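This report refers to the structure that appears directly beneath it.
Chain IDs A, B, C and D follow the sequence of writing; residue 1 opens each chain.
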Amino acid sequence: MSNNSLSFWEDSGSSRSGIMAWLTTTDHKRIGLMYMYIILAMFIAGLCLGLAIRLELIAPGRTIMDAQTYNTVFTLHGVIMIFIVVIPSIPAAIGNLVLPIQLGAEDVAFPRLNLFSWYLYVGGTLLALVSLFTGGGAPDTGWTFYVPFSEFTTTNVSVAVIAVFILGFSSILTGLNFITTIHRLRAPGMTWTKIPLFTWSLYATGWIQVLATPVLGITVLLIFAERVLGVGLFDPNKGGDPILYQHLFWIYSHPAVYIMILPAMGVVSDIIPVFARKPIFGYKAIAFSSLMIAFAGSLVWAHHMFTSGMSDTAVLIFSLLTFVVAIPSAIKVFNWTATLYKGSISVEPPLLYALGFIFLFSVGGLTGLILGSAGTDVHVHDTYFVVSHFHYVIFGGTGFGMFAAAHFWLPKYYGRMYNKKIAKIAFYILFVGFNLLYFPLFIIGLEGMPRRYYDYLPQYQEGHVISTVGSWILAVGIIIMLVNLWRGFTKGEKVGRNPWGAATLEWATPTPPPLLNFDEEPDASRKPYDFRGITPDE
Amino acid sequence: MDTTLIDAVSKVDTAFKFIFGISFIILFLITAVTLYFLYRYSRKRNPEPSQIEGNLVAELIWTIVPCIIVGAMFWYGWVGYKALREAPADSYEVKCTARMWSWKFEYPNGKTSDKLYVPADTPIKVDLTSVDVIHSFYVAAFRVKMDTVPGMHTYVWFNSGEPAEYEIQCAEYCGVRHSYMLSKVVVVPKEEFDKWLNASSSATEAPNEGEEVMKKHGCFDCHTTDGTELVGPSFKDIYGRDTVVMENGKEKTVKADDAYIEKSILEPGADIVKGYEDMMPPTEVSKEELAKMLEYFKGGGKPAVRAGAKGAEVAEREGCTGCHSVDGSEMVGPSFKGLMDRKTTVLKDGKKMEVTANVEYIISSIKHPSEYVVDGFEPSMPEYESLSDDDMKALIEYISTLK
Amino acid sequence: MSENHEHQHHILSIKTAGIILVLLLLLTGTTVAVSRIDLGFLNVAVALTLAVTKALLVILFFMHMKYENRFMQMIVFLCFLLLAIFIGMTFFDLAYRGG
Amino acid sequence: MSNTHKDYAGAKLGMWLFLFTEVLLFGGMFVLYAAYLHEYRADFHVGGKQLDVFIGTLNTVVLLFSSFAIAAAITFIQQGKKKLAVNFTYLTIACAGIFVINKTIEWRAKFHHGIWPDSPHLREMSHGENIFFGLYFLMTGLHAVHVVIGAILLSVMVWFMKKDVINQQDFVKLENAGLYWHIVDLIWIFLFPLFYLVL
């Protein structure tokens, strides 16, 4: 075992120092943090674009930008948020920080590959930024790159899709790494039913990353090939079928939404028992439902295409299967709620964010049922109803999951605690702002406000105004939260090994953890949610 | 109204209500239970947690019950969907072609328009296709939406119901003017629809605006346009004629010019046409409305044929105005205003050159836009090779009026 | 480690490898030969069946899958199953268009 | 816990996971192929007739043999016969070379007939043929890229063997490179009948 007096901050494990020690590190914790910083920066950029969208939409007609700019802004907003922020967020950042320690391992199975993934991620991100300033201008296709428009437009789509390809590759390698780690590097005694649920969720996520992402890879490569060679695979004038593109795109991108949500569900499954001080309700059901979501989630892609002109038979099948995926999510929600029953609950910030997750995700998920039902989807497809649905599940779900994870785990890695009171205040502002921002969008969506509209009919203005005001409140909440975390991690009170009194292995190591994670052989045979005899040690 | 026809909308709405209803109940229960637990089992009230790891019965219940619930949701949704797809066999069929960024509707007799005119109380089936990228035909009021896919034909159907107007919006992102790709479904009474459909002159294609205004104010309750007499004199050929009126009981002949007509509308009691009673109510009309009416009268009950009016229509119908403004502002392409005979810098095969936009140039720009691409614009204009000579002439005439 | 019962690497004998190669070549010959005969729709089916057989031989022997543990065999199967699902389910659309 | 870097089963698992991504990468194209075969049966037949069955068959044989060669190389390294292992790997690389040369000849011939992606000649042909040749170029092209990558990978393995990084005790790298090579072969096993023999 390694020298236990130095944390991974001080001990880089190599002779290099300073920034070079970070850029060449193979330590999963450092890599996790490097992911986090870039994700955070891009998240803020994406949020600002969101803010700009809202500002433009506060009134019909031109407010702050012209139509072409608007189109590139929502495209960037979508591409950044989906491919650069949310897909890597919890797995690559928090997953890297937490997963190996939860398993009692020193690192992931392929540490160098892990660093390589990070470089791919950075390369993809940079290339995406390059696409903004070169060629025919920033892409204006929406994050879905639908053909034939994406083949005709003269903006810089080619570079953007290559960026997406590289980001996808990075995601694949991370998933591959985690699956192998979970199979091979569990500490002695860590049987499959003792793996913490966060890691379980990353396991399911890993499989989606490995099996679905390549399809995205080939899809974007085909766009590139079409733009360069003009083969015409999707061009009806040359015999191609544009709807096939949509199939390929969604074969990846529907499972991708579960890449986004599963890890957040894992976070919540790990947090709730800690603050209720009792075992999670239905461990096996939650673990198994993750796998179910991963598998069944691969079978529903065409629910994004109910109005695309595909056959009615396909609508029937895919609508039915979509409802099947809702079941494992429902099981999880019920189990989380049941975990609180007869607990001894203390509402600390991580729990608060986790509960916020449950509510917002439920709203998003339940409106997903409207979308999954064929007749109703025809009406609300490509309207603000969908926009609201996915912000509730992605931002309300994954976003709040990420915030919960940050409040839960980061003190461990920075060794310092944030101000809990401010964290709670930030939560309430966020929560109010969030609903004010997105709830009105459901209503104007139902009234028929199409998405990706630069300008709109006057009857929708009221909803847009409320929503824009909501975005400002939300912005205040985010700023307070981020500043509080940042202040906490630089100047906050020092914390001990186990500030929350949690039972998984990452809390059994020194704070911050040493380079190879453990100063003594961890006892991995203990159940992950058995809190008897564990007390918080702040 | 035939009740089977409103079915699709109501079936879809039933699905909405069912899913929203259940979702609301579930959300409410989960939230309430969570809040109760937070209160009841807070550390203060319940310092000792119970070690419950699970409960098979409970878990089975909340697996099976949701299965049943979502099964029902699926069913309602599917029933709604089926209703949206099964167009009655006797539907009135209109063809719709979408293109950047306008809609073109073609009726069985070959007539085309840029708004969708349909007879009231009829099932309408719209056959959809696109010539460039994917658009989506969306009429919220009828709960219908369907992508228009190039190279493919899709359809929607709806029951037109009572005379009214509904918004058509393009619901699939299609480029810079996506949000302006709007039109209307105009439901008109059956007879009126037939009349409109069979009117040969394309100049009356859209019911003209003056007529529209007068309809609104109910003028036609008392006046006709075909020379027959109702309560008031007919509007036929009214403009410019000599009219005998009674002013304070004295006969007087006046010329029916703008001032006269205006006065007749605003102060009907001032001079009464001989042989009629002082029955006409004063009407509140705006300046614009007045202007429209005057134009209507000038046309002898038909709108005046302005120079280029036909071209304007063609431009509208062919979607030119989706990309070109007529007021000098720059949209996707250069404005038509002042286009004729201006000097333009264009790119031909990548080389810059100066050209004068004479008639030949404009024709070539319309038929083969990619040959000369105006500097500073994308070569995104579609080719209009199949434009008829008539339409082309009209367009040129129209463009040359826009000084 | 839970799956540590390996470390007796199976060694594929050169003889087996040779037999597999011969089989593969024979199958290739058959594929080409059969494609010369017009069986209508069956042609595609036969060609694919032969291709799948060849693929199985490669996976099982050359790629040692026959000697791997259950889990590995299962995930390989899962991968191809998923691909089959992607293709198959796309046909819920393609096969019923316009009908 | 110091077996992090010498975890044989882990390395193999990782490699297989990677192979899955390759299968599904090509899988996306197979989805397209299936769809267009369904739509343009007759045209695909016409298109297939224009491909050179001889070269196709030859390349199939070459790849099958190379697959055998690399499998044999792995057997030899496991048996400690390093010299043979190296030679059989060379053989595999040579096969890759022959394959690529054949492919070039074949493509050149197509170009001579005026057939390349979006060529004027192709645009005059039927939609189905255009799609057929489009898929042909993209799929065999992507496959050829994999052949080249595989060959490079195997060359590195030869170097490793010479440096004794790969030896009788530690041969998982060669095994994994072999697995990669087999996948390349596997994909060709499907491409061959689907393009050269479609009926």
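Observations on the structure shown:
The rule is simple: a contact is a pair of C-beta atoms (placed from the backbone, for glycine too) under 8 Å apart; a residue touches a chain by one contact, two chains touch by 3 or more.
Quick caveat: nothing in here was measured; it's all calculated off a predicted structure.
Any chain touching chain B that also touches chain C appears here: A. Here A-C and A-B are compared, and the pair linked by more C-beta contacts is A-B.
Ranked by how close its C-alpha mean sits to the mean of all protein C-alpha atoms, the top chain is A. With each centre defined as the average position of its C-alpha atoms, the distance from chain A to chain D rounds to 35 Å. For this pair, chain B with chain D, the centres built from the Cα atoms lie 55 Å apart.
Inter-chain centre distance (chain A to chain B, centres taken as mean C-alpha positions): 41 Å.
Counting partner chains per residue, chain D has residues 9, 13, 20, 23-24, 27, 31, 35, 39 touching two or more of them. Residues of chain A in contact with two or more other chains: 183-185, 211, 215, 241, 243-244, 247, 251, 312. Residue positions of chain B touching 2 or more other chains: none. Residues 11-12, 15-16, 19-20, 23, 26-27, 30-31, 33-34, 37-38, 41-43, 46-55, 58-59, 62-63, 66-67, 70-71, 73-74, 76-85, 132-134, 136, 138, 140-141, 143-147, 149-152, 154, 167, 169-180, 182, 378-380 of chain B touch chain A in their complex.
Residues of chain A touching chain B in their complex: 67-68, 71, 136, 140-142, 146, 148-149, 152-154, 236-237, 241-243, 276-279, 281-285, 306-309, 312, 315-316, 319-320, 323-324, 326-327, 330-331, 333-335, 337-338, 340-347, 355, 358-359, 362-363, 366-367, 369-370, 372-379, 381-383, 446-448, 450-457, 531-532.
Of all residues in chain D, those touching chain C in their complex are 8-9, 12-13, 16, 20, 23-24, 27, 30-31, 34-35, 37-39, 53, 57, 60-61, 64-65, 67-68, 70-72, 74-76, 78-79, 175, 178-179, 182, 185-186, 189-190, 192-194, 197-199.
Contact residues on chain A toward chain D in their complex (touch as defined above): 105-107, 109-111, 113, 172, 175-177, 179-180, 183-185, 187, 210-215, 217-219, 222, 225, 229-233, 238-241, 244, 247-248, 251. Only residues 1, 4, 7, 9-10, 13-14, 17-18, 20-29, 31-32, 35-36, 39-40, 117-118, 123, 126-128, 130-131, 134-135, 137-138 of chain D touch chain A when the two sit together in their complex.
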